[in-house]
């Protein structure tokens, strides 16, 4: 097993008789940027829940490197280097942009260390670097509550960067963004992907095309098709269930 | 603090808003000022149900004495506070009455714990408290006059009655009580007394329930079983306050008739029965030092006064109200006699003070700070009143330190 | 909720300064009370013993309110059972005070408290051992509430019981404890609890000196607690708490063990409440199961709401304001005070979601 | 036919020795106006004499209608008119003769004996019951005679039992043995008591009595188990009633209403008011309780609407603030009721059909009022379920719960539905108050005792599930009552509370978790 690779094998999730995931298998290599598309209810979000420990699979294997993710809780999984960005941007409204990033910064997470925490020069530089990366350096001292929708999305991606994850799960990052913001986001994700794996779940095919990477199509809880964007767009099964409508 | 004084003054006001407001409440006058009577009874919370009537009784007595021209030529004025059935608040309010309102005497408290809570305050500030409710004894403060019954003025005669031919010759006794100090102590005394009368522990059942207990099904059926062992049985109830209505309802509905298993209660009076349909309960008993149905001129006057004051013919009188009435009159006599409201003088004058109480006996305050009182046993009637079926020939002196508690022998005198 | 900064930026520090000034001035004026008490009674500045005693009580309540604010205002943990931790601290201190009575009790028993004597107990139960030592008691006043909070908190937070459910659970906890402490068989004096205390640390209670000393002790604890809470809320831990309050699951995905964080703050908060209770008992001279009553805990939460949750200063202000109003009204309008107090609670939740402090800080962001 | 026979017997009895009987009778009567001891003796003698003229006098004594005049003459009051007891001549009222328990017990025996020959079966049943309890050996002969002429089978059984119990006190050993066997067969707790009472006096029969008692104990054990279950169900029904309204307001709307207990209290006070209102209308009086049910529903529902529209709707989505605010509302409601009605308990009269006990098949005794409350609780539950399942309002309510936005786009006025739902929950609480007025105090504090239990039931049963609330309530009631005999009332309650707390840790959503998004608090 390659360290840092995500491995799902035969994963099924059943909610009250409904199979949200049906024997799903998927491998994400280190450094890979993968887009996942699929119609509503295809199991995209459930897959993310499984990987991050929010939901337990009914059967199947989920591992990241040598770690069996089905046995770990969210916090431990996050500390293994798996970061997640939610569909609905969730940043901490009551805190400033800077403080949001500071919370995400990789550092000891136990209460005592948090109490003793003092911002080092190096940490400050890292935060400032990420602030620059996500384009929010002037907003550092503003409360997250007053950011625009797009800025909140970027802040959340910035928080993921602060975690320095090996694997990034990004759920519909451009939903509700302007075209310009979408472009900006695509560029941001491509830049990030250089040294870590990124899984992007998205509806927006233009955006997926802009990413220009391998695409997996999910349908009814399992993989329908995989390959380049052109490949899947021409796959008749995909056209039937998803694109053809 | 660069912003200067205006803010610090505001801070002062906010930070100690009440603290600074309170001294302002202190009355400025001193000469020919009214005599102040503190009223320390809960007007809200769980005890309001019992204590509001006592507040009204004190206010009635204040009206009464002012109607007679006041005391020592001064007007008598009541200071009413609400300790809200909250025991620490009782202590706070007691201190307020004594230090802020500078009352000359206080009538107050119902539960033992409220009395215990205010006791250190009255002792520290040398105040005077009249406590009008029957209680467990084991106490005697020089700052408190106890105008209710001690256990020997209520519990022991009642048990004697149950074991007599008239009372049904009970051989087994079920002691049911609310789990607090009065029932615990009273039952301990009763157990010792019953043992001394040849009732073995096997023939005594003792059970405690929490305050406000409302589900008596199990306990009443256990009592039925206890009574079904071939010996005449009776219930001695020290169940307090709110729990009585559901208890008596269950007793009535499970068909426990007074002829079979009489139940004598020490905390159930006219006021408590006001919430129950008493038809199924006729014949069950209560032991008190006064019943509203007592036919004496003093009682007729008391009842007339009460109804005129409260302006409601349905309101009843009860034992603690009578004790408040008697205590107030005794205090007024003592003040008149000593010519001052100074606590130490009044205390001395209290000893030996006598009042024709509504119960029809002359009650006297003794050096032990307790009244001599008659004991009466009443049977519940259909109209919610009691028919006195037995009473002591004379008023009995209180034994606030019970001889049935062996530890009293080691007590410091 | 999304209050924006409307005023010029230089206004912010000054407003904060006003609040801090208010607080310091308040504490300072409180500290003066026992001194003013010593003035001759006819002096204009004289304050009576009553004011000192009642203010001492409020200071203890303020510490309790701070404890609640730390858990609720910052971490979003609304415990409706904080009165239980307060009462447990009080009971620990009460046990110490009972042991110190020694042979001065009514029955002259050097070992057993009076209530045990007249209920016929023969020997001191094991859980009363050690309570004659003050350091042990001080430790226990922190450990007992902390332990209970640890167990309840661990079970609840681990199962992700949050919000209203947690409130209901803690309410049941204090209710169950109240029922338990009412039982005379528990050996804690039943309904009457503990009273008739004589001394603490060699200082005879029920004297003006003792009250002043206890008052200063309480004030010191309040100042210390304020400093501690401020330190916590200003640290990164404070920001984690706020984050947990607003979006707990997000914090978990950032890699924080929120169970641990919440547990830590809940236990600390319980310990503070216990300490407040331990100070409260010698001041007012009685501890009994009524302190566990669920209504008390709710009232304490309301102090915080009235003052303004999540501000620390607000908790202190709220505790003082509500209790001052209550003390005044229960004498001034004994039949109507519940209307005023109830109305105050309604008005604050409806119109002042950020409490009195919110009123003072109007327009300023958190 | 039988009546004539009875008359003949009575005539015969009184004819045998007219003069001496006359003297004994009047002599005995004199004792009735004496002290309690004398009264009891007189009553016993009158019973033993068996003179039928004693019956109306003794009945009058038992019912507090017997008076005495200064000259010692006895007067009977009947329907307002006072007549001399012996001559029947009209008289001016005298002083009512009061009795005590001892006299009452004697009266029971004497009346029983005098009524044994009564024409009405109901009176004879009372007589048999009374004689069973009095167990006076003098009653053996009359009982035997009564048994011989009795034709109603149920009454024969009772008479036989009374005879058996009475025979235990007879000198005749065979009669005693017969009595023991008969009592053992009956298997009642009263028979057991009678046997145990006889044991001390009859050491020679101790073995037989022990055996009989053991036989009864076996039968009683089952019956007691059944009674414990009934007690549990009864407690459960009370919890159910108290919690149902909360299950709606908390479970469906997510509103924490700390004033819920006060809603229950208002329902109980409505009962009092309705009862007072119908006081002047005699034919309505027995129905005051059924009338109070809709009245309480309307009153509390109206208060609920006012509360929801006026206050709570401003705080949706902030359950904790709602909790604190409604606590204030509760304080105000409590004090308002205290000021209007006074702090004292209000009297609520139970209708006759809710009093006393009912013997179920197998001799299981249940109290009528609790039986009715169980039925009432189930009825209210059924109504609530029906209202939610089958009415337009229920449909709209469920729609709003599932998705407020979509519901409003479909033309449902969500504000109105909120108000109605809250009114509905409050109304149910009010109806619970009617039932609680039958077992608990009607005082301003009534509600405070139920609020925590109600929350526990709802949380335990599963928020948002009425079926869960029902099962939760009955489970808690049963567990509490099963624990009570050996843990005591307080520990049982604490154990249940701790049990629920632990249970919630295991299953945070309760017994019956609501599925889907509506389950989120």
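A, B, C and D label the chains in the order they appear, each numbered from 1.
The criterion applied here is as follows: a contact is a pair of C-beta atoms (placed from the backbone, for glycine too) under 8 Å apart; a residue touches a chain by one contact, two chains touch by 3 or more.
Here the structure is a predicted model, which is why all the values come from computation and not from measurement.
The chain pair with more C-beta contacts between its two chains, of A-C and B-D, is B-D.
Centre-to-centre, using mean CA coordinates, chain A is 44 Å away from chain C.
Averaging C-alpha coordinates per chain places the centre of chain B 33 Å away from that of chain C. With centres set at the average Cα position, the gap from chain A to chain D is 65 Å.
Within chain B, the positions touching two or more other chains are listed as 43-44, 179, 208, 210.
Under the contact definition stated at the top, the residues of chain C that touch 2 or more other chains are 179, 182-183, 335, 338.
Listed for chain D are residues 334-335, 448, 490, 493, each touching two or more other chains. Contacting chain pairs (ordered by label): A-C, B-C, B-D, C-D.
Across the complex, chain C is touched by residues 254, 256, 258, 311, 314-315, 319-325, 327-332, 334-336, 339, 448, 452, 455-456, 459, 490-491, 493-494, 497-498, 500-502, 504-506, 508, 521 of chain D.
Only residues 52, 54, 73-76, 78-79, 83-84, 86, 90-95, 99, 102-104, 109-112, 114-117, 143, 145-146, 159, 163 of chain A touch chain C when the two sit together in their complex. The touching residues of chain C, counted against chain B in their complex, run 14, 17-18, 21-27, 29-30, 33, 46-51, 53-55, 57-58, 106-109, 115, 117-120, 179, 182-184, 190-193, 195-197, 205-207, 284-286, 288, 290-291, 317, 320-321, 323-325, 327-328, 330-331, 334-335, 337-338. For chain B in complex with chain D, the touching residues are 43-46, 48-49, 51-53, 165-168, 179, 207-210, 212-215, 217-219, 221-222, 224-225, 227-231, 242, 245-246, 249-250, 252-255, 258-260, 262, 271-272, 274-277, 280, 283, 285, 379, 381-382, 387, 389. Every residue of chain D that touches chain B in the complex is listed here, in rising order: 36-37, 64, 98, 100-102, 104-105, 108, 133, 189-190, 192-200, 224, 227-228, 231, 234-235, 238, 334-335, 338, 342-350, 355-357, 365, 367-370, 438-445, 448-449, 481, 484-485, 488-490, 493.
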